[in-house]
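To keep things simple, chains are lettered A, B, C, D and E as they appear, and every chain counts its residues starting from 1.
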Amino acid sequence: MKIGIADTMFARADMGGLAVKTIAEHNPKIKVERYTVPGIKDLPVAAKKLIEERHCDIVLAFGMAGKMPIDQQCAHEASLGIIAVQLLTNKHVLGVFVHEIEAKDDAELKEIMRDRTIKHSLNAISLIARPDSLTQNVGKAKRQGSDDAGYFALD
Amino acid sequence: MKIGIADTMFARADMGGLAVKTIAEHNPKIKVERYTVPGIKDLPVAAKKLIEERHCDIVLAFGMAGKMPIDQQCAHEASLGIIAVQLLTNKHVLGVFVHEIEAKDDAELKEIMRDRTIKHSLNAISLIARPDSLTQNVGKAKRQGSDDAGYFALD
Amino acid sequence: MKIGIADTMFARADMGGLAVKTIAEHNPKIKVERYTVPGIKDLPVAAKKLIEERHCDIVLAFGMAGKMPIDQQCAHEASLGIIAVQLLTNKHVLGVFVHEIEAKDDAELKEIMRDRTIKHSLNAISLIARPDSLTQNVGKAKRQGSDDAGYFALD
Amino acid sequence: MKIGIADTMFARADMGGLAVKTIAEHNPKIKVERYTVPGIKDLPVAAKKLIEERHCDIVLAFGMAGKMPIDQQCAHEASLGIIAVQLLTNKHVLGVFVHEIEAKDDAELKEIMRDRTIKHSLNAISLIARPDSLTQNVGKAKRQGSDDAGYFALD
Amino acid sequence: MKIGIADTMFARADMGGLAVKTIAEHNPKIKVERYTVPGIKDLPVAAKKLIEERHCDIVLAFGMAGKMPIDQQCAHEASLGIIAVQLLTNKHVLGVFVHEIEAKDDAELKEIMRDRTIKHSLNAISLIARPDSLTQNVGKAKRQGSDDAGYFALD
């Protein structure tokens, strides 16, 4: 099993590096391929190349969006590209995007990045291990980047 | 006949589970395949995999969008992806999305989720049974998640 | 020649039925295939299936958008899907969408739906009869759903 | 060499006709194929059919957007479709769109339409003649629909 | 190795020319192919033709967006097209877009254009030389068009 990690020079912290560490701690048998690009809009093709040229089974795409409206638009475009990659390859690409406007300061931004990176790294490990592995948590209001929200039964 | 159910850990209630129950009650001969992913943007590829790898004839894609603008954007991106899946496979994927901002509190949110899930599960059963089955209700202002709206004749 | 009609249970009136009637009155030799889906976002795949599985030469896709911002977004997504269907099939799919916010009351909404449905049904008949049939009206400010606007010469 | 002209009944003036005249005056050897559709969202498939079915080397797609927000959205959808056509065919489709809100009155609207139509017709002639023909004007702030803007050197 | 340069007549300065110069100074062995189009929405197909018809290994796509909302929308559409080109070719196309609203005057605009052009030209050289070349700068808050932002560790 091989997990691809696509990340950017633009981001203000090394989420991909933390993902490499997290994966190694949880399952050292999983191979990792890493690909760094300039910014968030370069991630879709990086993810596709990791799948098609480096034979990854799943990709984690780490991006950060700055504070300006144009940054939000870039993240939107990148997200659409990441969905397209998945439909072209039938592989998951988990978009792990952090928006600077989510946090009031760098300390909070760091916690969001840490939490989101670790949880999605574990999601990737689960998804390639068994495709039904996440069903035990369905509808449980799971959040990456913060505590989970509240959930309720539909009876 | 086989119905795929794609759902998320992000959602605050288990709509997919209610769909499984609804389908079993209405037609126990229909097989169900289930696939749970982290969030709404992961649903398009899940739907495509349910169709192409698990041979589903139709898919119900259950997603919930949170209260922030970024959540609305994610739902928009997921909806575009779901349309793309349908055009690539010529199969229906019914997007069953609930937005937290639709409801004033959790009690109302729960009712929306229940109603929308049940009605769209029945729509899926109808669509795979006979492609012309819904024409009897054309232009009847059918709503999922609330009572139907009013309709009128065009004479 | 065969015209496909895709329409929805969501719409508050039966535009597809009026289209069937209009086509029969103008050219009873044209065959009609009809496909009803739950809502506007289900129209793109319905149009594609009408073209590829039921061999329609052109499709009229009737949709209605409700009053909420989410409804406008759904119409936008459906429109993008309809454009994609056309590029994948090289056939016209005329999107005949009515937005509730276009009208001040149901009486006006009904007139918009009637006018737009009839005029686009005639456009479909013209387009499949002769691809150059609409050039006589080029730049004439033709409107569907209201009176035409004013036009002027470019000399 | 053959230039396709796609235009609409919706537009308030006949830009396609002016393009035919402009091309004939500048190079009478260039063949022209014309295709008129109802509105701006029908232009992408018209452009694709002009390229694939009528063998055009380049297409000019003339559209007009009305004054309402929905008109802006239609132009946006059409523009995305036109980009998709180009990527599917590896041919240029120059979108020549005029928005009513660009002009304060019909006299100004007419001047914009004239100027933009003529200049883009000449751009099309240049692009199919020699792919490097426009490089002499790179970074020169060329505008279609108004006077050029100011440009500066990057030293 | 060959770098494609796609640029526009619309831009108010010759970014493509500065890229040619920058590439020649850093690695004179790299070949350059240049393609100039009218505006930003014509860049995606230009990039695709540079890759598929002129065999470029990577493309720099230089575009400028004017001050009006419609200009922002054009840049958005072009960005989506550039992502699509990359997914269709598995090659990088670095979108080097400058928005007039980024700068308070032409002097600042010029500096943004210079800095962004030079840095992304170097990024292109790095990416085709070694795909892992940018990983040394991952998460370092690299910016093109301004000084880098601040970065922090995720421990």
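Methods note: a contact is a pair of C-beta atoms (placed from the backbone, for glycine too) under 8 Å apart; a residue touches a chain by one contact, two chains touch by 3 or more.
Quick caveat: nothing in here was measured; it's all calculated off a predicted structure.
**Student:** If you check the contacts of chain C and chain E, which chains show up for both?
**Tutor:** Chains touching both chain C and chain E: D.
**Student:** Chain by chain, through touching neighbours only, how many steps does the shortest route from chain A to chain E take?
**Tutor:** So the least number of steps between the two chains is 1.
**Student:** Report the inter-centroid distance (CA atoms only) between chain C and chain D in whole Å.
**Tutor:** 25
**Student:** Using mean CA coordinates as chain centres, what's the gap between chain B and chain D in Å?
**Tutor:** Taking the mean C-alpha position of each chain, the two centres sit 40 Å apart.
**Student:** Give the residues of chain B touching no fewer than two other chains, as numbers and ranges.
**Tutor:** If we look for residues of chain B contacting two or more partner chains, we find 80, 84.
**Student:** Round the ring, from chain A on through chain E, what is the full list of chains in order?
**Tutor:** One full turn from chain A through chain E gives A, E, D, C, B.
**Student:** For the complex, give me every residue of chain B touching chain A.
**Tutor:** Interface residues on the chain B side: 7-18, 34-38, 41-42, 44-45, 48-49, 52-53, 66, 70, 73-74, 77-78, 80-81, 84-85, 88, 106, 110, 113-114, 117.
**Student:** Show which residues of chain C lie in contact with chain D when the two form their complex.
**Tutor:** 72, 76, 79-80, 82-84, 86-87, 90-95, 99, 120, 123, 127, 131-132, 134-135, 137-144, 149-154
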